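Structures are listed in the sections that come next.
Look for chain A in each of the two complexes below; its partner is chain B in the first and chain C in the second.
So, the complex of A and B:
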């Protein structure tokens, strides 16, 4: 990889890490509030997994640009300005009700499974290896969220309405996951990362089938309100402020 | 009033080919598939599990040795049904855990316990104090694919990173410790 590509790869991986970190943080907000104890534990595990994946991407990003992979991930998570985050808007939004959380998690998990499968074929071996490892964990997440989509979709009239409502709100937003990521265009010619748009048909096929089986219908509108990962919703500021609060109390502390 | 709780499922885990399935605890879940997923999260986020069985708690027929000793006619009102295979679990001694002891063929749960008393009398050193039987068809078993998907990950997981990962938690812990050291306990 040339220097331009190294910078591009770091930008790409930080964006992927940001999706995981912010979604992981939203998932962690269910701790103590999930509808049943078992789900509380499951979501705490899931949140930790997502944050762990963020660390993996941040470490690889650090390696690519010669930053210290021991310390730079912390810097990215806890001392970066909110405007420098590159997550999609879907993961920033408040956790909503349980249906909303499940639909968001499911849409994300399927997209991630497909992206990781492609990244596992990357020409850059460290990236291929990391993707392979993370994929195992994501398969389990997907099984969990897919199981819930089916049960809540086919559950009661109330649960179906809530799921449909969540899907109506999230469907277009989820399409932002298939817009080009930062750095992507410098990396696709050498097959270091996949063309995001090429992942969309498989995602649509998988999620449409699952929603049909759960008596849910994606809305017609499928254009993401934002293409650009530097544009955020107001919710991200509050989230990042809270997430960084403790670390920023004493930035020079040794942990 | 309707009970809005999901049914409770007993979780039996097997840690190696040589060991028997032993009770790990219970989870609430609306069905067997979610019971399996919940069991993974609640009990077995560790790599040494090779198989999980899930059984709805209300499908288990239970008899203690004490109940049977106090009432010799305990099995007399058993209504014979279909003859089928029952799984037998024994709790050996009061500190023991319910562990899979074998199978019997019987026409009712009480008949299964009677058959088990004959066929699986225990090791001798520790007497069974509780007997559980459940029809084999009501046991939901994890597949090899389930185990690969759910536990290989735990197996491959590196030990927790030395720094950073639980930064916030450590910082809070440190704050709490300092507070305690300042004689606020």
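So, the complex of A and C:
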């Protein structure tokens, strides 16, 4: 990789890490509030996994560009300005009801699994290895969210309506996952990362089949309202402010 | 005289923080030991990458090895390559997990986890495979919670990875 590609890869990995960190934070908001105790435990662990994966991506980003305090995972999570986050808008939105959380998690899990499968073939071995590792763990996320899609889609009239409502809101937003990530165009020619748009057909095929089996129908509108990962919803500001509050109160504290 | 064997032996004393009946060595977490001039570098690999016990593991390795004579500095490095798999859990550890009430993970031997997950999970207490999964996560990310319909007891099992 040349220097431009190293910088591009760092930007790409930080964006991937941001998706994981912010979704993980939203998942963690169910701790103490989930509809049943099992899900309280499940979502606390899911959050832990996602945040752990964010750390893996941030560390890889740091390795690609050389160690630097600005790219330390703790700095990226707790001391970075909210406008520098590069997550997709879908993960920023408040957790909503249980159906909303499940649909979001499912749409994300399928997209992540497809991306990780491609990244596991990366020409940059550290990235391929990390992707392979994370993919094994994510299987359990997908198994969980997919089971809930079916359970709620085929559950009661109300659970089906809530799922359909969530799907209507999230469907177009989820398409942002298939817009080019920061740095992507510098990396695809050398097969370091996949072309995001090429992952879309498989994702659509998988999720459409699952939704059909769960009596749910994706809406017609499929254009992401935002292409640009530097554009955020106001919800991200609240989330990041809360997430960084303690760390920023005493930046030199040791834990 | 420091030897690698002695270091591996010492590391057998370091328990897994979340499943303390087995050691980090038995879990396949310790991957390599290198000896320098009064220094030791231990390479470990995380089981699940989000495992919150990773730092505790590092601290406990350092604390244990510093008790060995002739070691002034211990470094613990982490690697993701090759990724940890439950197939690296030693037979001795599998027996201990079972005795403790945790069903050990099935051996993959190259079979995809997706396929292995179709297999019934045996109760560690009575051995029955008439069991139901209750949760994909348990007290730790690496375990699932089940219920045995034969002996009417809940139990945990280690996820294959």
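We take it that the second predicted complex is superposed on the first by the 251 of 255 C-alpha atoms of A that agree within 3 Å, B and C clash if a C-alpha of one lies under 4 Å from a C-alpha of the other, contacts with A are read in each partner's own complex, and residues count from 1 in each chain.
Just so it is clear, contacts are C-beta pairs under 8 Å (C-beta built on N, C-alpha and C of every residue); 3 or more make two chains touch, one makes a residue touch a chain.
Computed from a prediction, not measured in an experiment: that's the story for all the values here.
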Item to check | chain A as common anchor, with chain B and chain C clashing or fitting | outcome: clash
Checklist entry - Which of the two partners, first being chain B and second being chain C, lies in contact with A:78: first, second, both, or neither? => result first
Next on the checklist: Quick one: is A:125 in contact with chain B, with chain C, with both, or with neither? Answer first, second, both or neither.
Outcome noted: second
Checklist entry - Counting only touches as set out at the top, which of chain B and chain C does A:56 meet: first, second, both, neither? => result second
Checklist entry - Hey, which part of chain B ends up inside chain C in the overlay, 61-69, 151-159 or 169-177? => result 151-159
Item to check | On chain A, positions contacted by chain B and by chain C | outcome: 38, 41-42, 45, 51-52, 55, 133, 136-137, 139-140, 143-144
Checklist entry - Which residues of chain A touch chain B in the complex? => result 36-39, 41-42, 45, 51-52, 55, 70-71, 73-74, 78, 133, 136-137, 139-140, 143-144, 147, 151, 246-247, 249-250, 253, 255
Item to check | Residues of chain B touching chain A in the complex | outcome: 6, 27-31, 33-34, 37-38, 40-42, 45, 149-150, 152-153, 156, 161, 163-165, 167-168, 170-172
Checklist entry - What residues on chain C touch chain A, complex-wise? => result 48-52, 80-85, 113-114, 117, 134-141, 145, 159, 161
Checklist entry - Inside the complex, what are the residues of chain A that reach chain C? => result 38, 41-42, 44-46, 48-53, 55-56, 125-126, 129-130, 132-134, 136-137, 139-140, 143-144
